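Here the chain labels run A, B, C and D in written order, and each chain numbers its own residues starting at 1.
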Amino acid sequence: MTDAEIARAHERELDPERNDARAEAALQDAHHTAAAPDAAPIGDAAAHHEHVAPVPAVAASTTGYYDLPVVKAAPWKWFVPAYFYAGGVAGASSLLRGAALLARDRRLAKQLGRLAFAGEAIGAALLVADLGKPQRFHHMMRVVRPTSPMNVGTWILGASGLLGALELVRPSKRLDAATIAAMITGGGLATYTGVLIGNTAVPAWSHARTAMPALFAASAGASAASLLELAGVRSPLVRRFALAAKTAELVAARAVEASLGAGVVGEPLREGRSGKLWRGARWLQGASVIATVLRASRVAGALGTLAGVMTRFAIHEAGRASAADPRATLAPRT
Amino acid sequence: MSETVGFLTDTTLCIGCKACEVACKQWNQLPDDGFALTGRSYDNTTALGASTWRHVLFAEQTSTTHGIAWKMMSDVCKHCERAGCLEACPTGAIIRTEHGSIYIQPDVCNGCGYCVPACPFGVVARSEDDGRAWKCTLCYDRLQGQLEPACAKACPTDSIEFGPIERLREKATARVKALREQGVDARLYGESAEAQPGTEGLHAFFVLNDRPEAFNLPPDPQVPTKGVGRSWLAAGLAAAGLAALAIGAALFGGTHD
Amino acid sequence: MRRDVTALGDTARSARSDELRPRTEAADRVVKSVCPYCAVGCGQLVYVKDEKITDIEGDPDSPISEGCLCPKGAATRQLVTGEHRGKQVLYRRPGGTAWEPIALETAMDMVADRVAATRAETWQDELPDGRSVRRTLGIAHLGGATLDNEENYLLKKLYTALGIIQVENQARI
Amino acid sequence: MPGLGISFGRGGATSFQQDLQNADCILIEGSNMAECHPVGFRWVMKAKARGATIIHVDPRFTRTSAVADIHVPIRTGTDIAFLGGLVHYVIEHERYFRDYVVAYTNAANLVKPEFQDTEELDGLFSGYGEGKYKIDSWQYEGVDVVPGSGHKESVAEIEARDPDAKLARGIDEPRDESLQHPRCVFQILKRHFARYTPELVEQTCGIPREKFLAVAEALCAASGRDKTAAICYAVGWTQHSVGVQYIRTAAILQLLLGNIGRPGGGIMALRGHASIQGSTDIPTLFDLLPGYLPMPMVAHAGKLEDYIRTHRSDSAWWSEMPKYIVSLLKAWFGEHATKANDYLFDALPMLSGDHSHMATISLMADNKVRGYFVIGENPVVGTVGGPLQRKGLRKLDWLVVRDFAPTETAEFWRSAPEIASGEVNVEDIQTEVFFFPAAAHTEKAGSFTNTQRLLQWHHKAVAPPGDARSELWFAYHLGQRLKARIAESKLARDRAIHALTWDYPTEGPEEEPSAEAVLREINGYTVADGKLVDGFKQLNDDGSTASGCWIYSGVYADDTNHAAGRKPAREQSYVAPEWGWAWPSNRRILYNRASADPEGKPWSAAKKYVWWDEAKSKWTGEDVPDFIADRPPSYRPAPGASGIDTIRGDAPFIMQSDARAWLFAPSGIVDGPLPTHYEPQESVIANPLYEQQCNPIRLQWRRRDNPYHGAYRDKRYPYVLTTFRLTEHHTAGGMSRWLPWLSELQPELFVEVSIELAGELGIEQGGWATLRTARAELECRALVTRRLSPLHVGGGVVHQIAVPYHWGSIGLVHGPVVNDLFPLVGDPSVHIPESKVATCDLVRGRHARSKLAAIGDGQMSPLLPRHDKPGVGQPTAEPAQVKPKQKEKT
């Protein structure tokens, strides 16, 4: 018990009487008490003024402003991470289709063509669904604004979708101009989303602006391959590609973690909901690599697909967490 | 193109009356943001948003002079020389006007929301009910009629000044010099490209009586698009790499294992 | 202006943006007014279009306010055009649990009747000690200080003539 | 107003807001100017930019303090000790402006030998008895003094005592201009404030010595020939049981420093409502007629002659008073008012005592009032003793409320806390209530008088919605109906209504009376031809002229509505004489003759304002000279002079009977010729100066439903409670709580608590707390802040707690009514409630039991005042003495 506390307790004991005396006086003899030369402290507050309890929540935080966010997170709903996945699958499929034709595997090329177009169609639908004013989706192609990855991406998606549709009506037999064009737009489609999120003020995204495209590309490949595995497509090409892409994805993920660093900026990939998703995705992807090696292709496909989807949502979630944390924004750039 | 204009907001003159917040809402017909006591000094609107385009911050601190200092700042869109929102906007809804200001055309915006994370100051916001992105317009409509923006006009202590940014720059520099001589810890924020390369300078800049962080301003804001070239290069390489993997998978090792 | 290859400027402009004008330009008339809140007396300009107030802002001509307004003054348009404004006379009868709308003229007659009756019943010609007072203590008034001088004048004139002396004002509060 | 009126002659701010930019130092005390008058504060900021020192004295560190050079935290209710300390400092260090003081104030006048000071009588002045003062011992030696304005009852006593007493005329009263005579005002002042040392200030106000000295030095350094300092105050000074004396102390200080009537000087009274000044100039106040003419009192027995004899001064400007009352009667009763029938003076009602708001409320609660008009006002939220007021409203036969929307006052019968808590049953309330929607200022034409006496006309922009009408419409049409009802009556009591001039032209389908026609009547006209007069100098006492308010006479000179004058600022001088119209005679700085020395030359080039132009032999300058235009500085009245002939050429305060400013008030103020420190009605410490704790003649209402907390150093209510206003809201909230744009900025009631006290009580930032006084208790969230800090006072520590009072039970944002916590107790000179200070308790959490002292009987036992010396205090009925229950600690 500190001296102050003892004094306090002491004060408490004495108080009631003294108080009553005063109350009494209050009712009886005005003169007497009014003139009382009693220099006792005022109220009980003063008695233990020295003893001040721990100060409650201080008004302003010393760093920043009440720890409120500095930047705002993207207002996107689940549609957008879902699109990242679909678009990636589509892009990688277009690329792989070229490779399939190169390997003269027309059956696989045809399947990949369908997969690519499906991805493009679903992806476009998801994007429109996320708009605040969906009826104005066509404004996306109102201008050509090279500074805007989203604008560029829209043109890529458009072109890629066009070529994809063309492929459906007139499947190419060999590696022709249309296919090569589709491979190029596909490559763009698989990677521009990495540029898109890197091109923001969200620390967890922008600090990895060069690693993100690699991750998106590799993950796109892995996702497409996983879907084929899941669909039971038996093709050595696919297996080789799956192995390569999945491994690449694991590497790229490390690169992303490295570019965010071990500090506050990288926190979202380690902690919270986004951290769980991210780490989960890594484990699943690792497992799916093993499954691919063991030729348990359907298992590998399932694991890889899950990993692909989780990766996109992990990154999206990490963005929210990162934007909400002023420390990340106010932290010196790595 | 008419001359480039902007705001000079001087925290050393701000009395936190919030006339700017209300004058802005009055002119621009903005709704309230709800009625909640935050307990953060006298700041109950918390941040700039879709329906709050001027926002007054209240930082309570202890200081050597008073024992307590109460610093107030009216925050607003910075109308950056290199504007993240502008360069990110895919629809061309966001434009740079003849006054050098950044304006979101509500008749074009389709609410993709990309400008929101693209702003290094967290200014732009997408309205939940309306679906479009909103922020300070520098009273574009008023400027077209040679009227000064509503907030600057209302400000009782001229803490908010509107005018050609060249003149405002000179004024701000002189002001900071004078304040320094009076022993006030005053500094400029974002007045030029030299001072703030990350944005190449702001058209709405500030005289601050504290570190930028105290008013939730990033000390070294970066317009994201400044690094976009490197991203595209990385994307190109990544795409090529993916292509290589695919083609490699096709060429090496035959059709049978 | 420079060629807009990046579409950051004019090429992205909409027709609406080209035609943008301040709404005050469309006003039928601008009325000089004074802020109704505190006693600083800031000048206000009231813009009217089709008999509706479209904008209220500071009057730059005022030597007192030079066009400035505080948050309350800046909210004046919401004060005078807001949903909260009552438009109908309401009556609550003795023991009543709710308001009942009544006609303005009826209400005025009812109030006049009550003033006349109360005054007659509570009239005081002299004090118990015989000194004359010629008044009623049965009726009292409390007025806000956002009333116009002319309004205060008529009220004071009427009450005094009626012998009502308990006439008070926010100035006392 | 008396604070300024008694000291200088007119009850209005002595200067104008724009002139603050010329000040070299501005002391803001009793006002939170940046928050409550932000645009007026613009001019303070301009002064600051010019290098002026801005000082803010306030219990809280506010948005004003944030930009001030010096913030001085003070214990609420001790401003007289602080200002008295400054007076002491100025005299002690001989920093007063001697030439100014000797020439323009009554410093040299000798006071009767009978006068005894509070220093001799331990807190009382001579002449105390039965709860009031007889002021004969306060008079100048050999002469009695009639005040230019203020409280005439006291003078009436003198007259009653000695009808042919010699009255002060400023000519031949005994004076000692060396200021050495022990009975001269200056020496009395010096002795009176001798104990107000920095040490006393420290232990009374809790202001550290060095901080006090910094303020004193800054003020003195910014006063004199070349510099001027201004003082700004608001209700932080008036809402006290010694409020008028706060302002008196400031007046004394400014006179000693020579800061009145000069540019950058003066005392700026900051009023809270658009036309507060206007509603006292043309008063809806019980004790005044328009133009500060007193209401008739029983003593006058309905005889105009007696009324005039009581109130007229033989000398200086107030000798013109008969012209003003006669012209008023002519304006009201037209041709019915004749010399023969005393201009129907005897048809006016007469006062027999205090009929102020608080007195009326307690009568109402005692079932003595039947009908009540509440117009543009929300007393249930806006003023003290809400529960008692609602109790009164419940006992009315009928209530009329006019406002934008039904207020807490209009809905007292269904939205009051005691209804919600079920203590009162709606069906049991027999009061009839009428709610009339009011027109907004944009929907009617008329004039406001702002805080600097400036009349500004607002034009009608649009028609009012639905049944909404102006108060002008309401008064006029109610008058029409009542005139019709007594048309046939021959009763004496109806004479005044018969005779009342009520023929105003009306406009439009709503028959809105013409506000301009009313303003013309206020301005005044010659009865014969109805031609408008150009000013009060043209008014007569023979019934040939009529004027509804003499001080406003001239607003319609040259048949022009000068209130509507709108010459842009940039096209005229900073004084802007052609923007609106200021009373009197469009003067912007009052007593501006004092801006020149006795010879009529400016005191300095830097502070040139009004001076005597030898060549044109007239007064001239930036402003309308506040003097007889062609009276030279050298003019001296003949020994037998009377009326305005008695005004010397070097006497700027022409409204005062002796044309001097009063450091010492021999008359016209009921609670003492000099200000002295008394503790508030409720205080946590004993008066450090006297055994007499409080103002001995403060107004009290000792009723069980209005308990006072008498004890100090009492654990039941150990803290000091004060209230404040926020920029984002307007007083009782009727004009802000219904507006989303304002409500979102301050959505909820909160209590400001220092970090230290919050620590002791375990109250957290944003957490709930319960606030209690002897009247009521309420719950709200806590704003724990460094902007309040414990004060070290008289060897102990005082914790102050502050709450804004804007919220009520209805509107867009709700909250408990803070004024319910305060009792009915008031200043004896102006009957203003002491709503700025009370004792309270604060506990963590939500513990309110919606206990209201005014509901039911003896729920809370009154804690009897024991604040007076034996034999001091109002002779009022004591309530039954009940031992207060020890409050259970929660």
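Convention: a residue touches a chain if its C-beta (ideal position, glycine included) is under 8 Å from a C-beta of that chain, and two chains touch if they have at least 3 such contacts.
None of these values were measured; they are calculated from a predicted model.
The interface carrying the most C-beta pairs in contact is the one between chains C-D.
Most remote from subunit C, judged by the distance between CA-atom centroids, is A.
Averaged C-alpha coordinates give centres for subunit A and subunit B that are 23 Å from one another. Distance between chain centres (mean CA atoms), subunit A to subunit C: 53 Å.
One simple way to say how far apart two chains are is to compare their mean CA positions; for subunit B and subunit D this gives 47 Å.
Per-chain CA centroids place subunit A at a distance of 62 Å from subunit D. Annotation for subunit D: residues touching 2 or more other chains are 38-39, 42, 727-728, 740-742, 745, 765-766, 785-786, 812.
Counting only residues that touch two or more partner chains, subunit C has 6-8, 11-12, 56, 60, 65, 68-75, 78. Counting partners per residue, subunit B has 17-19, 21-22, 26, 39, 41, 60, 87, 92-93, 108, 156 as the residues that reach two or more other chains. Chain contact summary for the complex, subunit D toward subunit B: residues 34-35, 38-39, 41-42, 45, 61, 63-67, 71, 726-728, 740-748, 750, 765-766, 781, 783, 785-787, 789, 812-813. Against subunit B, the residues of subunit C that register as touching in their complex are 1, 6-14, 16-17, 20-25, 55-58, 60, 65, 67-75, 77-78.
Subunit B meets subunit A in the complex at residues 39-41, 46-47, 57, 59-61, 84, 87-93, 108-114, 116-122, 124-127, 130-133, 213-222, 224-225, 227-228, 230-243, 245-257. Within the complex formed with subunit C, the subunit B residues making contact are 1, 17-19, 21-23, 26-27, 86-87, 92-98, 103, 105, 107-108, 140-142, 144-145, 147, 150, 153-156.
Subunit A contributes residues 57, 59-60, 63-66, 68-76, 92, 95-96, 98-100, 102-105, 130-134, 136-137, 139-140, 142-143, 145, 147-151, 153-154, 183, 187-188, 190-192, 194-196, 198-202, 205-206, 209-214, 216-218, 220-221, 236-241, 244-245, 248, 319, 323, 326, 329-330, 332-333 to its touches with subunit B in the complex.
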